[in-house]
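Take a look at the structure below.
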Amino acid sequence: MHTIRRTFGLPLLMLVVFGVLDWFFPKMFDLYIQTLIIYCGINMILAVSLNLVNGFTGQFSIGHAGFMAVGAYISAFLSVSFPNWAGPFINLNFFLNTVIGGLFAAVAGYCVGLPSLRLKGDYLAIVTLGFGEIIRVLLLNVDAVGGARGLYGIPKYSTLFWTLTWVFICCFTIVRLMRSTHGRAFLAVREDEIAAEAVGIPTTRYKVIAFVISAFFAGIAGSIFAHFLSYLNPSIFTFLKSFDVVVMVVLGGMGSISGSCVAAILITLLPEALRPLQEITKIDFRMILYSLTLIVLMLTKPQGLFGSLEISDLWKKYVRRSASN
Amino acid sequence: MSDVLLQTKDVSIRFGGLVCVSKFNLTVTRGELIGLIGPNGAGKTTVFNMLTGVYTPTSGDIRFLGEGTEGIPPCELSKRGISRTFQNIRLFKQLSVLDNIRIAAHQHTSYTLPEAVILSNRMLLQEKHILEKAFELLKIFNLGERAYEVAGCLPYGQQRRLEILRALATDPQLVLLDEPAAGMNHKETQALMETIGFIRAKFGITILLIEHDMKLVMGICERILVLDHGITICEGDPKKVQSDPKVIEAYLGTSQD
Amino acid sequence: MEEFLQHVINGVSLGSIYALIALGYTMVYGILQLINFAHSDVYMVGAFVGFYAARFLNIADSPSYTSFFTILLIAMAGCALLGFSIERFAYRPLRNAPRLNVLITAIGVSLFLEYTGQVVFGATPQLFPNILEDSIIFSFGGARVTKMDATILVTAVGLMIVLRHIIQNTLLGKAMRATSFNRHWASLMGISVDRIISMTFIIGSALAGAGAVLVGMKYPKIEPLMGVMIGLKAFVAAVLGGIGNIPGAVLGGLVIGIAEEFVVGYISSTYRDALAFSILIVILLFRPAGLLGRFSVEKV
């Protein structure tokens, strides 16, 4: 009994909470806000999962959009071509399609992780970028998913409930992993590969594992994205999308899960917040401001918002400081 | 025969065209404390790197517990019982002292990634076990109160000690110490010698030691190998080594000019 | 056969352009270990500098070698200035920051140039002025060498020879090599590292400017995002040859240019953009440091 509570207590509680929110939100907020929340959620999954590779394991991947594309296309293809293959329940179908999309992305992640056995640093980075681009070009050439025209008519299964649930699963999984010997192994790889090997950490194995898990969740995010937007186009998944995610990770602080979440929200909302400016001036300054902000942030706060600390650590620090005053 | 832990036969390595170590022969039996000395650049660290699988020898044969080590990655050798420290300390600098030790205990855990996520009983048990073990070790080395400090912020001497401790946390049979006393003053060196003696007594570990401090080496090693330009120029007990003219020429000659 | 020859000619012409741009990446990487993502946008700005200069000087419709060289020089100067400013204001303050920060800054600068370009130059493609009359110089077996291709090749090779001369034979080149070997030691030898880095950016960016004019002549549609793909491929070319290695960048550029031309000619143009990366991945699996790069065992 105790074990069951420990293992499933928090997840079950969260499911209930999300269910309630899902029922509640449409009554409270309009479609625009709901859309924003879902985009925030998708970006949170992307950022947190990339943080596992870039922040915790110290590898440098800039091909996250490729994994997202795999998950998006596979799950959307299933939903379009085999509607209700798993029975009459839409949500069950959606869940399974999403997981399958994630698994395909994970396989792609495995393939990308393999060269990391030999490549280091920038060489690895450019290979991840290349994989992302190759996936995109392949999608352009597969007629079954619409090629350059894109894939239309994807059912709009993504709800607030599913988005929040997957955000939770992603964060929960990674937080728990990081508190285990496996998490410490990721960190050891980041800190010093040679020392890690010397104390018995199979560094290559952990690099690949990091890539696989990270790609899996990117695929999940892709599926949610596809079933929200209801159409897909390969040009959505260029390396600029990958850059976006890298920026979130760095902005939030490498190795800080809560940092990634906050940064994902900021970066999703920033262009929206700047929308009035665009309406006044009739010129799209938003992306210029976005890039300028990025440069200035790097110049002034290179550690990102949180460094490698979590919100909870900052809170503790704050409490301690105010207590000692 | 079963007492032979490590045996190397004519091990050589080249980088580019340069021969760094040539025909290195060494047999280590269980329980020994062997010193490896030689002037700077003699190839001592390179020997360690070959023994631990970081470098692949160009030719020759290394056997640990009777099995060849060719092609075996360092992490696997560590699991088989070879552990080491580094000449220029390589701690996991941004992690806590405790985590440095717990990472070294990784090979004593067997729970899977999904188990880590659902917090299985096995996972909690093993985590508890390595936590206790880590604190036990930290206490022996008087680092208990520092457990939650960031390793990179420790004073230099403690970092060296922590690295030895980390090497021990893998439960090794053979420990390779690369200049453990480098940068230490006389008192710290003295304390370190005692610690090394203590480790041997308590854990029954075989040690291979690189050291520049002649006093330290002569004082605690039963057998010493002298390398110069990658060639073993002398091997024997401290007395023999001290009086060997070749050693005096190669070693003392270079260190006194 | 003639088709084959034609593809070789086109491939070499394209490859020499990739090589010019790749040089900028590789030089900066050699000295700062930075993937200068903004390089591709410096190239884009070069094209627009050429575009506006031709308009301003009223030579947009008077094709001649005088116009060509004028535009070439102006574009190179404009890019050099831009490259210098980027280094001075965005990268230099981060000289001792973690490499990732500089990389993100580079991405930021790249985005900034692209989006500013869209506002200033407009997002719709413009037509690069006709600054050089094209004609067939000679043809053998049906394969034609045009004046354009010959000019591109000669200009690119000429610039590479100049670069080689600078790096091998001048004091500046010596200082650059020393700095890329070890920045710290170089500064101890009395080399003003900051100045050398500035010069590296100036030279690399000028080459990108030249590349932009050459591309503009051959494929006259220019727009603010034109640098993205070609920049990526040029960077791949640099990595392929062994990043930081100057002959490697030229070799990589030619390999990718020719391979691309052949794939487009014989297979399908839709796979064009994936080709560079596929070649890169395959080659890196066998030579992890690129074609001419030296793979060294990390010293422990």
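Order as written gives the chain letters A, B and C; numbering starts at 1 within each chain.
Everything that follows uses one rule, which is that a contact is a pair of C-beta atoms (placed from the backbone, for glycine too) under 8 Å apart; a residue touches a chain by one contact, two chains touch by 3 or more.
Because the structure is a prediction, the values reported are computed rather than measured.
Engineer: Classify the inter-chain contact topology: is it line, ring, star, complete, or other?
Structural biologist: Per interface graph, the chains form a complete graph.
Engineer: More contacting C-beta pairs: A-C or B-C?
Structural biologist: More C-beta contacts join the chains of A-C.
Engineer: Just the number, please: Cα centre separation of chain A and chain B in whole Å.
Structural biologist: 41
Engineer: Mind checking the centre-to-centre distance between chain B and chain C? Centres are C-alpha means, answer in whole Å.
Structural biologist: Measuring from centre to centre gives 49 Å for this pair.
Engineer: Give, as an integer number of Å, the spacing between the C-alpha centres of chain C and chain A.
Structural biologist: Chain A and chain C have C-alpha centres separated by 33 Å.
Engineer: Mind pulling the residue numbers of chain B that touch at least two other chains?
Structural biologist: Chain B, residues with two or more chain partners: 54, 86.
Engineer: Do you know which chain C residues sit against two or more other chains?
Structural biologist: 300, in rising order.
Engineer: Mind pulling the residue numbers of chain A that touch at least two other chains?
Structural biologist: Residues 194.
Engineer: Using the touch definition from the top, list the residues of chain C that touch chain A in their complex.
Structural biologist: It is residues 29, 33, 35, 90, 93-94, 97-98, 100-102, 104-105, 107-112, 115-116, 118-119, 232, 235-236, 239, 243, 268, 270-271, 273-274, 276-278, 280-281, 284-285, 288-289, 298, 300 of chain C that touch chain A.
Engineer: Where on chain C does chain B make contact in their complex?
Structural biologist: Touch residues, chain C against chain B: 297, 300.
Engineer: Considering only the defined contacts, which chain A positions touch chain C in the complex?
Structural biologist: Touching chain C from chain A are residues 60, 115, 118-119, 122-123, 125-127, 129-131, 133-134, 136-138, 140-141, 194, 239, 243, 246-247, 250, 254, 283-285, 287-288, 290-292, 294-295, 298-299, 302.
Engineer: Using the touch definition from the top, list the residues of chain A that touch chain B in their complex.
Structural biologist: Chain A residues touching chain B: 3, 6-8, 172-173, 176-177, 179-185, 187-188, 191-192, 194-204, 209, 308.
Engineer: Could you pull out which chain B residues touch chain C in their complex?
Structural biologist: Checking each residue of chain B against chain C gives 15, 45, 49, 54-55, 86.
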